[in-house]
Structures are given as C-alpha cells and as structure tokens.
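Letters A, B, C and D mark the chains as written, and numbering starts fresh at 1 in each.
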Amino acid sequence: MFSDYKLKEACGICGVFNHKEAANFAYLILYALQHRGQESAGIVSTDKKNFYEYKSTGLVAEVFDKETIKKLKGNVAIGHNRYSTTGDDSFINIQPFTATLSSGNIAIAHNGNLTNTYKLRKSLTTKGAIFNSQSDTEIILHLIAHSKGNIITRLINSLKQIKGAYSLVILTKHSIIGVRDPYGFRPLTIGKMKDTIILSSETCSFELIGAKLLRDVKPGEVVIINDKGITSLQPFKKVEPKQCIFEYVYFARPDSILWEKDVYIVRKRLGELLFQESPVEADVVVPVPDSSVASAIGFAQASGIPFEFGLIRNHYIGRTFIEPKQSIRHFGVKLKFNAVRKFLKGKRVVVVDDSIVRGTTSRKIVKMLKAAGAKEVHLRIASPPIISPCFYGIDTPTRKELIAFSHSVEEIKKYSTADSLSYLSLDGLKKAAEKKENFCYACFTGKYLTEFE
Amino acid sequence: MFSDYKLKEACGICGVFNHKEAANFAYLILYALQHRGQESAGIVSTDKKNFYEYKSTGLVAEVFDKETIKKLKGNVAIGHNRYSTTGDDSFINIQPFTATLSSGNIAIAHNGNLTNTYKLRKSLTTKGAIFNSQSDTEIILHLIAHSKGNIITRLINSLKQIKGAYSLVILTKHSIIGVRDPYGFRPLTIGKMKDTIILSSETCSFELIGAKLLRDVKPGEVVIINDKGITSLQPFKKVEPKQCIFEYVYFARPDSILWEKDVYIVRKRLGELLFQESPVEADVVVPVPDSSVASAIGFAQASGIPFEFGLIRNHYIGRTFIEPKQSIRHFGVKLKFNAVRKFLKGKRVVVVDDSIVRGTTSRKIVKMLKAAGAKEVHLRIASPPIISPCFYGIDTPTRKELIAFSHSVEEIKKYSTADSLSYLSLDGLKKAAEKKENFCYACFTGKYLTEFE
Amino acid sequence: MFSDYKLKEACGICGVFNHKEAANFAYLILYALQHRGQESAGIVSTDKKNFYEYKSTGLVAEVFDKETIKKLKGNVAIGHNRYSTTGDDSFINIQPFTATLSSGNIAIAHNGNLTNTYKLRKSLTTKGAIFNSQSDTEIILHLIAHSKGNIITRLINSLKQIKGAYSLVILTKHSIIGVRDPYGFRPLTIGKMKDTIILSSETCSFELIGAKLLRDVKPGEVVIINDKGITSLQPFKKVEPKQCIFEYVYFARPDSILWEKDVYIVRKRLGELLFQESPVEADVVVPVPDSSVASAIGFAQASGIPFEFGLIRNHYIGRTFIEPKQSIRHFGVKLKFNAVRKFLKGKRVVVVDDSIVRGTTSRKIVKMLKAAGAKEVHLRIASPPIISPCFYGIDTPTRKELIAFSHSVEEIKKYSTADSLSYLSLDGLKKAAEKKENFCYACFTGKYLTEFE
Amino acid sequence: MFSDYKLKEACGICGVFNHKEAANFAYLILYALQHRGQESAGIVSTDKKNFYEYKSTGLVAEVFDKETIKKLKGNVAIGHNRYSTTGDDSFINIQPFTATLSSGNIAIAHNGNLTNTYKLRKSLTTKGAIFNSQSDTEIILHLIAHSKGNIITRLINSLKQIKGAYSLVILTKHSIIGVRDPYGFRPLTIGKMKDTIILSSETCSFELIGAKLLRDVKPGEVVIINDKGITSLQPFKKVEPKQCIFEYVYFARPDSILWEKDVYIVRKRLGELLFQESPVEADVVVPVPDSSVASAIGFAQASGIPFEFGLIRNHYIGRTFIEPKQSIRHFGVKLKFNAVRKFLKGKRVVVVDDSIVRGTTSRKIVKMLKAAGAKEVHLRIASPPIISPCFYGIDTPTRKELIAFSHSVEEIKKYSTADSLSYLSLDGLKKAAEKKENFCYACFTGKYLTEFE
C-alpha cells in the first residue's frame, strides 16, 4: 500500500532457446527482471513433446524452488513476471498462458496492454470462446485458436486483429517467437550465449547468466527462433515507432542498455538538463533513492553542488504493514525513507525525484527533510508533469488522481511545501531521448496513438 | 548464502514504556532495526498482570500481523530481532526469553556475546539449572533465577558474574530496564515521545515512530524506567569504554545518530581520509552499494573525481537461490550487483568498499567492473584489514577465513585482480572516530579486552 | 497408498437454491458427501449478478473456512467434491468449472465419465476451443459455448452430443439445473426445506441440514429450479435405466435412501442371500469395517452365528505414511485394521467383505485373523467377482489388475489363504436389487451399454 | 468443539530400545496410540551421543514426514502424543521434554496428572528453577535436575516427591526407563520383537510393528532397559493398585489387551450385565459407534434382540466447523452421526452408549432416532453415572457440568427424551472388571486416593 506513489510496470518476459537448463536460466532472468513485476511469476518449458508449467504469486525467489525448477524439463522455456494491469491478481491471471490448439501446444507471455479488447472479447465469446481470465493475453490465445493454418500464419493473422501495446514471447514445441507491436511500445531484446538464444525485456538480465546483447527486437518485428536459427518477419505496415519514454525515466533498471543507450546515462542527462532549465543555489543535492540517483548525480555534476545520500531507504519493507491506531505523521513514507538528521541541519537542499504521480509522497519527503533541519528544500523532477494515464502497459491511477492533471506547477509546489519546484520540460525530455520522434510521450501530453475499442 | 561476505550484526533490541500501542511501536522499531538481524523477531508485552509473547523466524514484517500484534496487550513491551551468533537458528533460540521467577515474571532481550559462558553454564547446571537453548542470554536468566532479593538486586548480582558484550532490554511487570556492559561494546539509546520512553539499539528507529533522541545509555549504566520515571544506576567499577568501531564502519544505519554523531558523516570522513592516505588518478568513484555509498562520496568529494553509481544492487534477493548446474562466473555476486556497462567503458574506476572479509566478493566486483569495460580498477577500503574475529556480538568467520589474517595487502591486491588496493590505516580510522580511546578495534588489531572462560 | 484396494467413487455434487446461507449449506452437504471424493472441493455461488468461487485440494473441512464461505455471496450455490477419474489431480481440474458465455455466466459440477471424449475434444479444438483441463466436464462447457440459443436450448443441444455417465448440477445467474443421463448411471436427488430446494448426490446429506427428500431426479430428466419453482424436461428418447449397482454394494453411505431404498437394508439383504447361497459352520461373523458391516449383520442374522466386531479400524490414517525400511508383514493393511486377539483364539471365523479388487487386502486380512489365533477363516464376499473396469464414473484399476479377471474363485481362495471363499452370485445380487433390469452390472459382466469414441 | 461430549485421554507414550529404525517404529506406535491424544506428537531419539528431537501440533501422520524421521538418528527413541490436560495447547507444552543435566541428557514422556504440583512448583521456583511450560512433567524434570547422584538415584528420589498418576517413559543416552506410579493409574506395557524392547501405553500398537506383548509394567515398578537387558526395581512401599477402570469402559482401543484381558471382551461383558440388570422389550439394539459397539453386541446377544448398525458415523470430521447462522437442530451431533431412516421406522430401539458426560449428546441421539421414525427409544449406558472429575490424567469437565452430579437418573431420562434410561450399576462394573479391588472408580464414586497439594 505504501508503494502506490509509483507508476508500475506491467511485466517482464523472457525466453531461453536451446539450453539444457532452460528453466533455470528463465528463472534467473525473471529474477533480474523482478523490478518489472512483483506479484507473480511463471515459467513454461518444453522438451519438444510435452509442456511443463509452474506459476504462482510472489517474488521470483519465493515462487520457484529446486523441485519446481527440476520439473520444468526440456531445452526451451519462456517466463513471465507481472504487475497486474488488467485482470485482478488471482491465480488464473498469472502468465504465461498455455493452450492446446489443433496445431499443437502453445504458451504465451505478454508485456503490454491491448486497446481493442472489448470488441475482440465480445466477438470471440459469440463464436463460443470460453475465457478463463480477465487478461488481455487470453484474447490473443483465442484469436490464434480461431485462426487457420500453421502457427506462424495463425499468429500473424491474430496480431493483425489486435491493437495497442504488446511485446510477446511465445513458446511452441519447436520454437520460441518474439514479437513487438508495430509501435514498439514495450522493449524486447535478443541475447546470445554460445548456442543458446535468449529473449528478455531488459539487458540487465544478460549479465547474470553470462549472455551478450545481440540486438533489440525491432518494432513490428516477429522473430522466430528454432533449430534453423533466427528468422525475422516484418508482417506489419511500417509506422513511426513510439517506444515508451517512461522506461528511460523510471521503469528500466539503470544498468540495462535500452534501445542502444545505458539507461543510467539517459537519466544522468535528464538531471543535467533539469539543472540547466531550473538552476538553484543550494548546499546539497539529494536523490530520492533508488530511482532518481542517476538524475541527481547529473544535476549535482552540472551544478557543482555536492551530491549527498541524505535520504536512506529501507529495503526490508514487506507487502502489508500494521499501522498503529495513533496516527504517525507521514507514516507510509517513513517506512521507506529516513533523513540523515544532523547532517542536513541548516542546509539548502535540492531533492531530485524522477516523477510526481499523486503528490503525496513529494509532500512527505519535503516535510521529512525540513523536520531533519533543512533550511530550504527545492524539489526538482527529472521529467514533465504526468497529466494522463498510460494505456500501453503501465499501471497509472485515473486522470483525477494525477495531481498534475488538475493542478498547476505553482499549486503543486504549495501542496508539496517545497521552497521551489521545477519539472523538466517536454523539450528537455526529448533532448535527452535524442531520437525524439521514436518515443511515446502520451502520459505527459495526453495524445494517444491508437484507438480504443 | 550469497550474503556471507559481510560481517553480520548480532541483534537489534528495543523497549517501549507507557504507550497504549506498545507492541505495535516495538514492532515498528524492530522493522527499522531490521538491518541488525534478519533471522527472527520477537516481542513480549505486559499489562502489569500477564506477559504476552510472540516470536517467530523471518523478517519483522513477515513475523507479525494484525492478529499477533493485537494479542500483545498492555502499555509496555520489549522486542528483539536477531542474527544467530551463538546457538543454532532453531525456534528455541528466538528472543526475548521469558521466565517466571519467585519474584515474578521477567523477559530479556540481549545484543552481544558473553565470554565466560562455559564456566557459568557448567556451574549453573550443577546447581540444577535446566537449559532450553544454546543462547548466552539464557545464562543471564538463570543467574537471576538463582540470585536473591528484589529484581534489581538480582539483576546487578547476575551482571557482576558475566563478562563480555551485552546491551540488554529487560521487561518486568512494572518496568523496563536498559543495560550496557561496562565497556559499552554495543549501542543502546533512550528516546522519548510525550509520556512514552523508548529504548532502542539505534536512533534510525526513532524517526519512524515520531520519537526524539534523549541520550545514550552509558557504558556500565543500568537504566530503570517505571512509573516514577527514569532512574540511573552505575553498579560497576568505571573502565575506559570500548564501543564497537565497526558500528561506524558498517553495521549502523547511515541515518542513525550513534554516540552523538551521524553515522553518515563518520563514513564520509572515512572516505576523505582514505583519499588523503591513498590518492589515485581516476575518472569515476563507484561505491559498492549500499554500505559504502557515504565513504565513496567522501572519497569523491575529497579527490574531485566524479561520483557515479556504477554498480546497481538488486534488492529482491531471497534467502536461497537455485543455482544452475552449469557454473556461471561470479554467480553469487551477480545476483546482488550489476555494472553499468557502456558508461564504464574505457574508464579508470575507483571502487570503494567498507571492508574486506574473505576477499572473494572484492575479486568478483573488480572482475565485473573490468568485464564491463573499465580500463583500470582501484580498490579502496574505508577501514583497516580485518585480521581477527569479534567475540563481542558480531558474527565473523574464523581467523583462517579472514583473508587479511594470512595475506599481505599486496597479495590481496593480486587476488582481487585490482590495479591497486589500499586500506584506510588504523590511525586514519581513529582519526575519523575522534575520541579514539573510546572504541574497540579488536577485529583490526587482535587485542581483546576481556578474558574467555 | 494404503487405500488403493477399494474402488473409488468419482464425485459428489450438490446445489442449493434460495437460501441466504446457500454456500454454507453447500459446504455442509459436501461434508456429508465426503465419502464420494476426498481430493478436492469447490463451491460456486451467485447473487444473481456475479459468480463467486472457491476451490482447493483437500477435505471439505480443510478447504473452506469462515472467510472463504463468507465471500461466496448470494442465495444460490452449487458444490462438488472429487476423486480424480480423468485428468490428473492438479488445481485446474477442481470443479465446479465456470465460464462466461455470450448468454451469461455458467458453472457446472459433474459426477460421471463421458465415453466419447476423444471425438468431441478433437472436433472442438478444430473449432478453436481452448481446453484448460483434462476433465470431461470442460467438454460439456465448450459444447454449450458453441451452441446457440438460450441456456436451456444450448444445454440440451450439448447433452445430445455426449455419451456416457453424467449427473450434473449447473448454476446460472437465475437457476440451478439438475441432469441425469438417459441411463441414470449416477444418482441425483432433490430435497426441500421450507422455500429452499436442494440437489444432492445422496440423501445422507439432507439430515445434516434439516432437509427432506422430495424425490430422485429421474434418468434422462433435466430439472430446472428457479424462482418459478421446479420444471421438469425429458429431452431424451426413453431407454431402460442402468443405475450403478455398485452404489448399493459399496459407494453410497448406508444411511442414504438411494433409489427409494435404505442402502443399509439392501446391504443386509446381500449378506442374507450370501449366507443362503454359501452357508458355513462357524463361531463368529466378523465384518471388514466399515463398508461391510451391514452385510455381515445380514449374514449373521440369517445364519444364527454371532456377529462380532473382531477387526478394529484405525480412522486416523493420513494420506501418506512413512514406511520403515525393515519390511513389516502386511504393513499397509495393519495401518487400517487390527484383530481382537484373545477373543478370536481357536474360533472358526466368517469374515464378510463387500468386494475384492486386487485380492491383496483379502489375503492380508485372512492372515491377520489367523495370526490372531483363528482356527478357520471363511471369506464371504457380498457381491460377484469384479472382472471388468467401470467407464461410468468409478475409478477401477485396469482389467489385468482385477484378480477375478484372470483367476478362478478357487485360485483366489488359495491366494487369500482362506479356508473357503464364496462370492454372492449375479443372480443373488439381482435379487437383492429387486427391480433388477434397472441396473448396470458391467463391472461384474463386462457388458457395456454405450460406445467409446 | 463437537467432540467435547466425550472424556479425553491425556496421552499415549512409548519407547523403542535397540532398533536401527527406532524413530520410525516410535512413530508407528504413536500412530496406533492416536486415540489417546490428537493434539500433538513428539519423538526424541539418541545415538548414544546426541539427542534428536522433533515435535509439533497435529495428528501423528501430519507431524512427521520422511525428512523429520530421518533426522531422528540412533537405535533408541521415545515418543508421546497428547491431549492437553494441564497446560494450554501451545508448542512449549508438547512432549517429550528434554534437558541437559550435569549427569547427561534426559528426555521424558508422561501420561497422567500429578496432584501436588502447586507445592512442588513453588518450592522449585524458590530454588531458582525456571519453568518453560505449564506442564506437570517439567516438574519431574526439575526435581531430577535438583537431585544428586546417578540418573536412577535422581529419578527415584524425584518420584518419591511426586503424588498422583504417572506412567513415564524416560530416555537417557544408554537406556530407556519405564515407570508406573504406585497405584498404577495409567497403563504401560512391555513388548518385544527379536532384540528390540518396546514400551507402549497399549498393546494395539504391537501388532502394527510386529511385536509381541511381554508383560505389563507393574504398579510401582521402575523398569530399566539397556544393553544388559531389562532390570526391574520396586522402590515404593506396596499399595493396592488403583488402575483406571475407565480405560476398560471407553479409553483403550477394543483390540488392546489391557491388564491381561481383551478390552473388547470386557466391554461385551458390560453390555451383557447391563441387559441382565435392565432388560427391555425391543426390536433392535443400536450402538453409538465406535466406542459402544462391543457393549451393544453384548447387550444384543444376552437379550436376543437383533443388533443393527442404525447410527452411521462420519469419520471425516475436521477440527473446526463453520456453523450456519441459521441454527440447525442438533447440528453438532449430526456432523458425527446419522440414522438409517426407513429401517428404524416404527421400531422399538435400544441405544447403547458407554457413558454420559453432559447429557446433551444423549438427548440429541435419542431425538435423532425418534426423528428417523423409532417408536420407542431405550437408552442403556454401559457404566455407572459419572459424578466426579478425574484428577489422574483424564480431561473431565467440572463437577457442575457433569449431568449425573446434579441430576437423578429419572431427571436425566426426562432430559434425554428417552422412553427409558438405565445405567450399569457400580457392582455390575466391578463384576465385569473381575479383580475389582485393583481399580480406581473415583469418577463414579467421588472417592479419591491421593491428596492434592
């Protein structure tokens, strides 16, 4: 409950082709992708005859143990961990999803959100489809089941019917298939170690297992990995990519190479540009750990103001917390953060955060710093105001709950009790992203790229 | 298993006197002291009639829930979380320990390690004492049970028989009692919020519940907190304090005020002195997060070399991990850390760590940085070589396993594969500690202050 | 493992219409039907808007608790407990099954086994159906989903496509529907208490909740229970019923009224006829408790030989048992039964059992009685030799494992070490059943009534 | 909660000496003694060096698994299962209890109840003893710890200080010791299989593991079993034994040979004498299963009235049951029993039970039989009215709750709604017990044999 001030990534997905410990490697990749979804995890493997599956709620290291991994036989496996975006958090919604089609078994792991689900679900139900979950992903499965031809033909036929954001990793008896939607909203990368091919949402997982980044799956690309190697298809009309800029701002791990850049470097650049746009005189620059550390370092280096780790984060936080009846001021945020007290006394503090969602956390952090003795607190946000929800795979509150939808920067400043507040401009963000036309900025602009049906 | 490269603190202890949500506050304090012990947690409370107790293995947030907290009735409570130093990790060793004495109920929470347990245990068994655990702490309980007089007389009589390190929080039906051994090896502080008095190992827990630091319990002091207020006794002959310097180096949370200083400030100072003693030309200063961040910032600021967060830590790590059969190079350390790759390419990197225990982690981190492209890696350790185990409440490996016991700095450098390695000198450490005569440096010098019986 | 000497019933099913504690009553009925399936249990309820569902593995009293029952809202509920016949024992196979159709939600609980599943499953998969379980029951769901019209039309259309044994309880938003297949293999009865209508596999469940038996659902009948009352449809061509005679012999609880007779009375009659067919001189008649108690009493009364409870059954047996490495003679059967020793010494014992499956248990029981001192042991079986598996909802071993398939009665006698062995004749069984043409005797005759596709 | 109409046995105890699977055999014995205590179970074993212990709440088959049994190393083991008499049901009270004494390790398993605990506990606490449980048994342990000499001297010295009922099995590194108190309230028997010696509360456990009954431990006897064989001591002044008659009436399993008689035969005799004392004209004799089956058979055979199993018992009952809000008449008893309906219609029924505690169950059973159609119901109880609690190891309600303490037989008959009610007379009971002077009848007479301190 105390983590709801952050936007949540929907999912991490992966595939391992041709390794005798395929499931164990999928498990390790999911562990490295844990920041992309902490509610549940699942792996499906195949020995070219049968499919083996294990899924449960919990963190990756809690879900699997030696016994469960052992039962996931075969040289090929795909995996998924999730943060529920659509569908509640019940067991039935845990991915990957599997089905026995007339053409054989299939399993599918999906990161993203479809935007024409209402229409598709209605049409499929009329045809006799029985849905077992509230998940978008099951729609894709039913579309494939109701298509004709071999699995690739069926898949492409199905993809042409869906709209919205989807990076997919699909398992058949003899292949894994990677897909990014034509806009490429969500990431998907290809790695390699010896004769093994890896698909993974992020490259930070490659280091752990000793793989090398080969390349990104391209927007609109279908990549088929089987015994013949890697085959690439481009079944969609080409469109300008709209990759999620928020992966750079907050979601992706700073040690990932995303769309050919170190996420860490992009974030530092956001901090530098933030200083250039909104300089301030101060004694220390303090990050809200861990997500804004790189931006705060960028800000500090650009400004020459010393960087200090003035807010300490408690990483032991569990899922629920027993609140005392007597209200403690800023209880929730205190479970996560604490200020270094004597040190901050009398100082002018720049506190850098990556974004503001509801505003309540910013207010509590500013108050905490002041209670610790800070003379001034200047709030600097390394991205523009979030004014609109995401429909492409990120769990955002409704528009009303986004403080920047209904309040001016001046109003947010007052609410936060900061002595000054500046956001990075949209231009600044685009500058940091370099190939600015390749990105989706909808959460900052409210301009969406696909229809909703 | 992958966390064994760090020395482990034995315990966190606390007490809450006179608050209608005493147990809930004890729980929150234990949560904030979680870094001092992650194996188990327990709380005992009293409503002046009965004692209520709940203990279990696991993290604080896992051990307790609403129901268990609710059953811990009364306005007074004490708590404990632990990392087993003596005694195995079975249920029976979870503290606090309770007993019904002829003078009434008592419960006791202990941070530290006694050094004359063999002798005491033997003598008590001969007198008919039945031990239920392997814990030092039960010895104290039996000494009290075999003493005469009121509880304070019994306690002081018992304390005079024990040697070694002990900070204690004791619960009786009408009071909590705080004790630090004559040398004051382990910390214990007194906090206050309105009419409530708090005892806690560290002040970082005070912020969370809204308490203010009143003062430290002094070495050799017995503090009795009851309805009459706080009474201080000094039953021991005065000796020069020997507070654990390693609390400053690694154990205490950086946001705690320990022995009147911000731990963060002491650590920054360690980094500054480290640079002054062992400067190096480099492009970036990188900490091994989270423990050496402050020292690395100190080093960076003193040297003018940019501070960068070049190693990213994965905080989702669970207790056990399913290792693949195929060995992955540096698997254990990769579960915890990953380097920011493109960014480090071609750079001369200073990596700052707080200490070296076995040396294996340092070696893996240096190799990881080089694999990420670092041109040079200079290892800087913000404390002297650890050459001797601790017998005062810290879980250290045997002397043989301490790399610095049997290897020169040059040999450790070679083993680590770093281009250079420097430790902070003992003088440097004493300088950072300021009142240098007040501290125990035994793990760095091998000179112990008490006998072992 | 030690219970495998008995044939296992597939399932118990129930429905509760129009009671504000519908789910709690369904739970109590399932508890009373526990002997029909001990692997898992599930309940689905509706408040006419939504469906609520809870299912898990385990005994009824373990599966549900106050919280789970509370969440099963609404005045209508259906329930199921099972012993897996088809499909493995994984979570996905636990009934009732639910689906959202274009005409609304539906849930289905099934007792029985279909005989044309291969054909149906293949045909449905070709139409795009995705199966989530290995259960027969899901086929019915898909047939309904692929049919047109209102739910009753769809249901009847689907029933006409399936062959084999099925008693069904179906839940829609506004009704429960009870179905027995045209042959009426498995039972289903209707009960009533005030304004509440109950469906249940057996009447022993009616007493517990205070309901009265109204009547059986007839073979081939579809009973629709909604706010208008009970509507009866007879959509099938009439055939001669083939109710499972084994329900009388072993499955049903002796306190149930099945097909208008006390099961207890039928069983006593089996024992009486068994004596008339195969008399023997003896000192005591001993049942193999609990299933053959009534037959043994019948035998004793007809013969005038005293009835004694010479075998004591241990009811605490758990699911798995740690066998000692050193083999103990007749270990498995000893976990369940023990003989009264001094008492049996020198006696001529008639031991009555309901049936013989593999023969191993009979042998062990005879040996146990002899070890206890019995001078002679005469084995009397209150049904004919089982020579053929059941395909209508009972879990039988393969033909090869049925001792009577490949061995003569004389051979079985020798194997059992009994001094004499007699089975009840098929004619005897038919006589006890009275309306003999109404029953299926396939397990005793090998003559099946439906085709397998 | 629905089983509280029965008196509860305190415990089953056992020991296995000289078998390489000692712990596994102890586990099987405990399983066979499960009827004597269903709350928890524990085993302690020794390999002559160390003690190994595993204890937990639950049924024997739930408490232990392969892994836990495997860890209980060594050729010698003792075990215990319990129904809490003194002490609540918390973990700390689970037996066997272990202690490290100055003379070595010891473990102790106790069946019975001491009557001078208050005095002993107070005296021990004054001497510095710390109690960890509320159990009587810990007192014995502390007495041993505070005694001098070798373990046998210490034990006998301790036994001389305690009063009340105790059968003990004690484990030392090199022996197991069996003890029965001078009056021999609770049973303890010695068995043998090859070179292995067994101690067990009841002989029903011998069959399971293939052991033979050697003899009973005698009242007041201390039996030491070690590598030299079996040594017998008689340290107490001889008194007339007072063995618990209720073991015959209800507690012991009917297949046990207790004090040289088949329990089954004694119970049949109770039924015969009951008929002779209180004949009645009737159509059927029905037992309340399972405990009164033998007595009902005795009654039926003596009277010539047919024995019928007219009440069916549901053995699946779990520990707690979710009661419906709407009260169901006789809900609790219906969870356990159900009547065979058509069969009982119009019949005159004799229902035989072993005893009446509170009277509520008898009333419900009579009503259930009448609701099933019985024309008359005659209640026959195979023991005298219980008018006084047991202080020797049986869990009885307070005197006020015993219906026969405050009500005449006529009043109880009225309350029960039976057409007639007769108890067996005390003389009848004594006659069935044969050596009548050897037994304790305190629950029927209120005359106790030891003082309470």
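By definition in this document, a residue touches a chain if its C-beta (ideal position, glycine included) is under 8 Å from a C-beta of that chain, and two chains touch if they have at least 3 such contacts.
Source: prediction; values computed, not measured.
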Inset, instruction - Work out the mean Cα position per chain and let me know which chain is farthest from subunit C. - result: B
Inset, instruction - Compute the distance, rounded to whole Å, between the mean C-alpha positions of subunit B and subunit D. - result: 51
Inset, instruction - Find the geometric centre of each of subunit B and subunit C from their Cα atoms only, then give the gap between the two centres in Å, rounded to an integer. - result: 62
Inset, instruction - Mind checking the centre-to-centre distance between subunit A and subunit B? Centres are C-alpha means, answer in whole Å. - result: 35
Inset, instruction - Note the residues in subunit D that touch 2 or more other chains, in rising order. - result: none
Legend entry - Touching pairs - complete list by chain label: A-B, A-C, B-D, C-D
Inset, instruction - Sort out for me which residues of subunit D touch subunit B in the complex. - result: 91, 99-102, 125-132, 141-142, 145-146
Legend entry - Interface residues, subunit B side, partner subunit A - complex: 20-21, 24-25, 27-28, 31-32, 34-35, 38, 59-62, 64-66, 69, 204, 207-210, 253-255, 257, 261-262, 264-265, 290, 293-294, 297, 301, 306-310, 312-322, 324-326, 328-329, 331, 334-335, 338-343, 368
